[in-house]
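Structure provided below as structure tokens; questions to follow.
Every chain is named by a letter (A, B, C and D) in the order it is written, and numbering of its residues begins at 1.
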């Protein structure tokens, strides 16, 4: 029968009414695998008893490319990894190279970087919220989320001319200074955004169906999360209060007050709540930052040709999806000897199997959504 | 005249699909033909102006039982079923039983023709509007004439239902 | 394993002496030869010694190093500090034990990253690099192990489950074989792919042409 | 030969009217469904802060036609390992059942194909339930896992919710005392109150169950696109797919009509027997005039001449309908048609509201998970509906004892409903109490 086509050969020996162990292949063109993730699910009925993620469909060899580009030339490539949070990627890379060069961006650059990165975090979380809700069957939040994301992208466009792959920062600071009305635009967005978050929460937070679909689904305990290397909202939802912005401040984060939201059970609902709260906190950071943008230069003295002294550096930032680390080795030439990118999505995706076992196919979709992966970053 | 055409139409469908039901190798196809046979029977009920039986036939047999049938069939490994030889052991028994059945029916029809007043009572054609309302007639006979058997059957079904629930509970 | 950086390690080997002689001058030759692409525009070999008075790679001798040295002795090959980052190099065969110790006793409970670096000129050409983080101390630590090509590296997947995929990726890209890994298969590239792309002798435009031809039905993916 | 001709003649003489009606349904219903889809898209767009289809015709008014053409000329793909016969049969079966069910409905006292069928509402319910075979067989025949799981889910879901829906219908039928659609509506006229008010719990149960039966959100698991791609429809494309679509929306119309007939007073206007409220009769023509005026106002804003004319045509159509609606009240000659025309309006109006409610839910709620759906059906709706039937029966006996009629019946039925609700909430509470154990067991199943 139909099931037979991909089940193991031993199923052939099963009796007429035997419950088949079904192997279901999800993706790489499945609507809710968020790109080209392919998951092989071993099912007992609709219950998942095992899973395997097959990745690499979007592998472009970014790390290899890095070894053949100069430090500046490689900067735009990082935008193409997590393409829904390009600004964060760029920030991590620029700061890593700055650390390697032992220079520091001027304060004005740092603050503008912080503003844009936090806007990007909101945009990334909005995209996550919309698609996650869509996966669980709520059609409408997607459009609301895109409406707000559009505002953020417009700010990016005004700032640097690009919306998605922005390449907003340069090593040593910024290429462009803030445009005249940046503060005003950010403020307007932040003011309008507060009631909008409430709208999303009205639609979902107390919704019985939403609760039923997310509570107790894909539980990841704190110990498991740490052991599996999960970072970002996934880790925080498990109750670990750890945010690189606080633990090892970079950019201008040490100047601003914000909270680290944490969950308690580490289920899908907690991750939802953590991300919602993170959007609020990001909004607060933006509001604080635009209060007082220092004047001054936007680019440190780094020279046209970058030749960092030999050595190596690992620099991690809190990207919207988790710890985004750049491990860069310099040999003193204009090209990096090795650039290793520690992608949060890749590592977080590893927790999928742990989270999905024992759940239903419908939950698999919710779990993929709650991990907030971007395949461009997983596969690099 | 028209009644006869309709009757033979439905009867032919019923018989042909009944035969196809048992001869098809593909179980799902058999199920489809069984549905057709049941629908044709329902059609004959309708033609006899037994609307209530018609709809009960559809709701219970087609909409209820056959759905469960198909449901189970889909979970069954079809290839195995196809490979198995049909009419393996029951062939002769089946033949015997159907012969006996045919003989019975034939005898009944024959005796009806021979001896009026005995055998199957043939209803005189009654104009449709003179017939009592069908569902009410069924209800009357069930709840008045045959109340006791009806109640016994209900209790029996209830017992079966509870039994099924208990058995299902025990497994988990 | 006792023989450490034969010659080209970008750091001063001696553990004690502070002013090492021209540390930065040594590394450049190796990568220049390592990348045979010809893409490199400037020849780095000649103009490198830029008289850096600042010693970037200094020996590290803090309490953590002391404890590790006391426990493992010669297993800790080297401990340096580079731009305020602690970098330990340990003997490859004992990597799993050290990892276990670091996780259990020193509370480096998060394996942020595990990767590898290829130094083709070196006798043990591959570096396995672990980036650890301790929530308790809010501190990062880098642990390296040098492995020759084909040498088996003990897997740390039993210590940090997250190493599972990261080691698979290192295997995929560098061909490092991790012993004790539950499922060491390629992760990003197709299973049948030949070659290890992130090695320095794998050219940037090189590809497994036969795989491309077999599976995609085209002459070249370029 | 002569006998055959005679039989044919006899057949045609007896059945010409239903035949013509049938043809009209088959011809017109796809168009209606197309516009229901357009309305749905427009409502969806409105709720989601966007415009929806705007390109084909003014405000996308010709979109359904464009869609239909597109679907018809699409390539017809049959998967290689599909069971060709069943693959061909399944969508046809789905549509046939849905269209057949329409035959039993009455759109106002004047428009009914199978007139005065003794088993009226039972026919509609029974025949439309046959559509499930289209889904199950289609899912099976596609030879795809997603389709199969979608089909299995669908059949399990339909069987489960049909019980609750049936029990809810029984409540309404208890008041009506007949299965005949005309008698049901007549009974509501005699009582002067809609059965939906007398038995609100039954109406609620039927509402939920009918959403589940038509596979609409939040119960659209058989075609949950984020999990099963498109469920049983995954492998269908082009015309076959559009047949399924047609069946789905026709089924929506059918369940909405059943609910309207049984619980919302069918073609009766609100408060049918309160004479001083007769001015409500003027609401339909005024509504049409309003829509027409709105169209006129929008006309100059259309960018293209064709669109302007089209908009004017729509306005004209609205005025014409308004004229038709107002005529029975003003022109004595057509007075006998009063009930027929206004009845049809009220019926369609109520059905539209019911369908609007479906759409509203779809754009607001996330989707249930399958086990949650089943739990809701078996643990909540079915007990609730059975208890409700019992209580309503008792209430009716008490009502007859005290000779209660019409609105005063509420005296006995509303306590019954309240008790049923309390019991149901009690069931729900015990459900939730036992649930934590389940969820705490879930982590243990990690291996």
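Simple rule for what comes next: contacts are C-beta pairs under 8 Å (C-beta built on N, C-alpha and C of every residue); 3 or more make two chains touch, one makes a residue touch a chain.
Just so we're clear, the structure is a prediction, and the values are computed from it rather than from any experiment.
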Tell me the fewest steps from chain C to chain D, where a step is a jump to a chain it touches.
2
Name, by label, each chain that touches both members of the pair chain A and chain C.
none
Could you quickly compare A-D and B-D and let me know which has more C-beta contacts?
A-D
If you average all the Cα positions, which chain's own average lands nearest?
A
Rounded to a whole Å, what is the gap between the Cα centroids of chain A and chain B?
61
Rounded Å distance between chain B and chain C, as computed from the means of their C-alpha atoms:
77
Taking each chain's centre as the mean of its CA atoms, how far is chain A from chain D in angstrom?
43
Can you work out the whole-Å distance between the CA centroids of chain B and chain D?
31
For chain A, residues contacting two or more additional chains:
2-3
List, in ascending order, every residue of chain C touching at least 2 other chains.
none
Multi-chain touching residues of chain D, meaning two or more other chains, are 140, 148
Taking the complex as given, what residues does chain B use to touch chain D?
1-2, 5, 26, 28-29, 32, 35, 51-52, 54-55, 58-59, 62-64, 66-68, 70-71, 74-75, 133-135
Looking at the complex, which residues from chain A come into contact with chain C?
55-56, 59, 61, 63-65, 67-68, 99-100, 102, 226-231, 240, 242, 247-248, 307, 309-314, 316, 323, 325, 327, 329, 331-335, 337-338, 340, 342, 346-347, 349-350, 379-380
Touching residues (chain side chain D, partner chain B) in the complex:
3, 6-7, 10-11, 14, 83, 85-86, 89, 117-119, 122-123, 125-127, 129-130, 132-133, 136-137, 140-141, 148, 151-152, 155-156, 158-159, 162, 179
Show which residues of chain A lie in contact with chain D when the two form their complex.
2-3, 5-6, 22, 24-25, 30-32, 46, 49, 133-140, 142-144, 147, 203-204, 207, 209-210, 212-213, 215-216, 219, 221, 354, 357-365
In their shared complex, at which residues does chain C touch chain A?
10, 23-24, 27-28, 30-32, 35, 37, 39-42, 44, 48, 50, 52, 56-57, 82-83, 85, 87, 109-113, 115, 117-118, 129, 131, 135, 138, 140, 142, 160-162, 164-166, 169, 173, 186-190, 197-198, 200, 202, 204
